[in-house]
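Next come the structures, one after another.
The following pair of complexes shares a single chain, chain A, combined with chain B in the former and chain C in the latter.
Let's look at the complex of A and B:
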């Protein structure tokens, strides 16, 4: 009995560092939450508890609601498109086509580039007058496109950049999942007369879905927090067309020096991330249950 | 007899000056070390190059920490407002210093300027252009900034005034005269598009940050009679951004942007303006005049379009009596948290001394120089009047009389002016001018 108690004490002692590290993380988070209830402005000598003032300001501010829509829209469209293209590319890479062998390592290139470099590179390429993209379009007789420089096309252009950057992440994970699909089951289906499409739809895709969704969990979290690509391309413009939460919070905190308001936006964003991630995890669990 | 009097007066003056100089103890803080932070910029390059002279003169070691532009401003805000004490001298601008002075995060330098034991008698603060000194002078009352006060919150280090700069090779080729009014500017762009379809008529900042409005818009708007704030009894009472004058200005300005600017205008910052002028992709710009100066410097690699950029005052409102030019001042400030304020002040007065300002200008780096004596010196006149600089010197002398800070001192300057830059994007995007300005003014009024 004594031995058992000593063993428990030792265990508790050994996990103490982990608990301390966790507490440090939690402290930073809750300190941020606390700041969102203050009127902290950089430079001002006094900081007062402001209750729900920052949240009420956001509630009444049309830009906050616009920003909410833009953040959700960006995340949904970017992740769904990445997942779709990721599935196609993973399927291509699982074949023995010559190009698949060549492109398998190359496709990872965007993932290893710093996001800010990606943003600057695309900003140059998307210049409506001197960018290489419009030059290519002109070769096939298409009129210059405004890309990130016009209100109506800016968000789609940023999604395009995000898709280019992060689709390889989906591809990599889904491809790993595809390698694990039971070959005997596929062969049995084909012997039973199932065509390639039916085999993909009924066997491969259900097996792939848990992998697609686990990649989606990561991408949903990152997309809600996406900052580098926005700040490096549009900075939230033109005319608020791409002012997602991360940019809105940055402008409030660092340009307008209103840290209380900036942290309130980030706390709302945290809830969005949490809800988005929980929904995706639920879908993942359903997909796994179906496969097993 | 008169000649003898003049001779003895001059001798006496010279002796007094010599004694005064000899009296000033430059070695008072020998052995100390200070940290000086600045943005990557030619202005700081000049200082860094001359640091060994300062270190030999004073025995003070300087650790110059130079940061990229994108990183520097956020770091500056955090370092100063959190009173970290890591920096002893920081390069910044007037507007950011309004925000940091309210919490006593900056030292009011008047205590040093008025102390003969701390300031070299040869320093001659009043030699710095009055518009620069007055821009750096305000009082802090409670949590508010009140202009025209006695507190000195930084020393001007170099500055930019806004000019119309144009490629004389492009305009000259088509015999086009530099425009004098905003509608003339729009018409000139229209003509340029016809005769030079391969280039953008004008390089113009458009990003959603206040740096876009402090160049062309602030300068031209002032000639329309636009003010950012309306003052009453020395206090900010209202904004003037939805006034009739402002509506007229914005209608003309939006028309100009649509006709003149690159399609990438909403994403264009000063880098694009410089690049477009350098490469000849744009024919004109209303921006900081030293961009034109630096591009005109003879370059052995042939990268700069040496001698191809000429200068003119900024365009005005139609029928306006005078042009107006806004200024951006690079200044050096002292964080209150600095534990080495004495040595830091020695460095600041050296960095803005007559000798350093002239040396920095003659290096072609600290341009525009802040001191009147520099502009009057034969050396600088000779240098700045070299053929490759075209009419830089004369235009500066013409513009400087009317160059001053457009903005009203205020804590929270950035929030209102950033909103102005976003409103500008909305108007160019097609939103009605009056409706946009009304909303902008409403949001600014809520913050007054």
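Let's look at the complex of A and C:
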């Protein structure tokens, strides 16, 4: 019996290797935060504590503010558009029509492709001279479009790619939520004379909202950190039109070799992620309350 | 099935078809592009019907073709990054399984102080800002001399694979009735014996699916390989390099894209059920 309880406490140590590995990453993260308060430059022999110098530099730098706007704009627009189309697609694919049944597995497709492959795929299709997208536009009489190659359209084009890639994420989660919508409530509403639209607005949508928002939490976090799709399409250009935080930090760190500034940008980004996620979680809790 | 032919039905079918085409067309187009010659890809309007060629795949894989093809002397050996991706992603999944399964089991079954905190800490890595970890990691890797090694890459990929494996194991173990283990413990079996001899066989179908999914997520990664490896860089990094030569090189890049996308598509067929669970991280039960 004594051996038994000894082993019981010992067995909890099986979790240690995993926790240790992950703690290493946590340490690296905090080390990154520390670096943002230093003047570490690759190739420079000494590292000095610099206090808020990197942050003050960023505060005074117009590019940093531009980058802030771009990052927030990208995240907000991409996530909201994805949520809308995600709801529509989930509704569409949950109808009993023939094609919906056949094509349901296809929704998964964009999500399982490497984001870098997706980015490069669209880069070839968005080519202003030879891209197939401009060919389709020419068929309906629209002038060639510059897509990712022009300042005014670059960000929207990247958002378009992001929407193509991650809308299925919303669809998958909302679709599962829709399966749980109380059929009796729907029928009761219809019997009471409510039309399809009223049933959707009053019963289905409030029921879906928690699912929409939980998906949004994930997407908000990942959109703030989106890196692959920008590198694979615009690389932050043209003329810094798509220099979001991750790209800005990458340029500062690996082109200017200024690691202090790079980590400072990312630490600011980390706070934005946290705030964005918390707001979305708050909305999620409100939506949950409304349902129950 | 009642075949209900009316206008609304037709309209809905049409909408689904449009959505499906929007999803499938880009992938289909890239596949077509991979079979075109570099002259065909420069044609306007774009050609849809043409005589397909496998030359681009040869350029991608066969170093001896370099110089003799119309792409000039660009040398690519795409097999190398593919192998790198397989070794790094596969190795990372394996290591995660070895240390992660016991951890997931303990989180599911035992009760101790801070258990939920540790669980939350592990889950939190799904939200980790990867690039913020990469910059200091680059610094450490340079200092430790493990930049551009399989060892370093497999280790750093744990940040992607390990939390997923632990979390999915925990979910799967919680679905197994506890009575079996209790009987074994009464018979005096050790924890490791219970994990490997009783739990593991029961978990196998779930874990195979989970491993495929986690392998896929590792296969997706680009940023870690871009900054922490060069000769040992994964497929995603090699692909970006194929963009540089310009439009007439698109067919060769398309071949690389097709290969990088075929692997995940094959994996979905093997484990679709588990993918939905894993991709949505349990938001879908």
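Descriptive notes on the structure:
By definition in this document, the second predicted complex is superposed on the first by the 268 of 292 C-alpha atoms of A that agree within 3 Å, B and C clash if a C-alpha of one lies under 4 Å from a C-alpha of the other, contacts with A are read in each partner's own complex, and residues count from 1 in each chain.
Simple rule for what comes next: a contact is a pair of C-beta atoms (placed from the backbone, for glycine too) under 8 Å apart; a residue touches a chain by one contact, two chains touch by 3 or more.
Bear in mind the structure is a predicted one, so any value in this text is a computation, not a measurement.
Taking chain A as the reference, the larger set of touched residues comes from C, when chain B and chain C are compared. Touch criterion met: A:44 reaches chain B, while chain C stays clear of it.
By the touch criterion defined above, A:22 lies against chain C but remains apart from chain B after alignment on the C-alpha atoms of chain A. In the superposed model, A:148 lies in contact with chain B only, and not with chain C. Contact with both chain B and chain C is seen for A:254 once the two complexes are overlaid on the shared chain. Look at A:103: by the touch rule set out above, it reaches chain C but stays clear of chain B. Contacts of A:237 after superposition: chain B is touched, whereas chain C is not reached.
Residue overlap on chain A between its contacts with chain B in one complex and with chain C in the other: 123, 127, 129-130, 254. Listed in rising order, the residues of chain B touching chain A in the complex are 73-74, 77-78, 80-81, 99-105, 143, 200, 207-209, 262-267, 281, 411-412, 414-415, 418, 422, 425-426, 428-429, 431.
The residues of chain A lying in touch with chain C in their complex are 4, 7-8, 10-12, 14-15, 17-19, 21-22, 25, 28-29, 31-33, 35, 40, 89, 92-93, 95, 97-100, 103, 105-117, 120-125, 127, 129-130, 132, 135, 138, 164, 168-169, 172-173, 176, 211, 214-215, 218, 221, 224-225, 227-228, 231-232, 246, 249-250, 253-254, 259, 262-263, 266-267, 269-270, 273, 277. Chain C contributes residues 9, 12-13, 15-17, 19-20, 22-24, 26-27, 29-30, 33, 41-42, 44-46, 99-100, 102-103, 105-107, 110, 112, 118, 121-122, 125-133, 135-140, 155, 158-159, 162-163, 166, 185, 190-192, 195, 216, 219-220, 222-223, 226-227, 235-236, 239-240, 242-243, 247, 250, 253-254, 257, 260-261, 264-265, 267-268, 272, 275-276, 279-281, 283-285 to its touches with chain A in the complex. Those residues of chain A lying in contact with chain B across their complex are 41-46, 123, 127-130, 144, 146, 148-151, 233-240, 251, 254-258.
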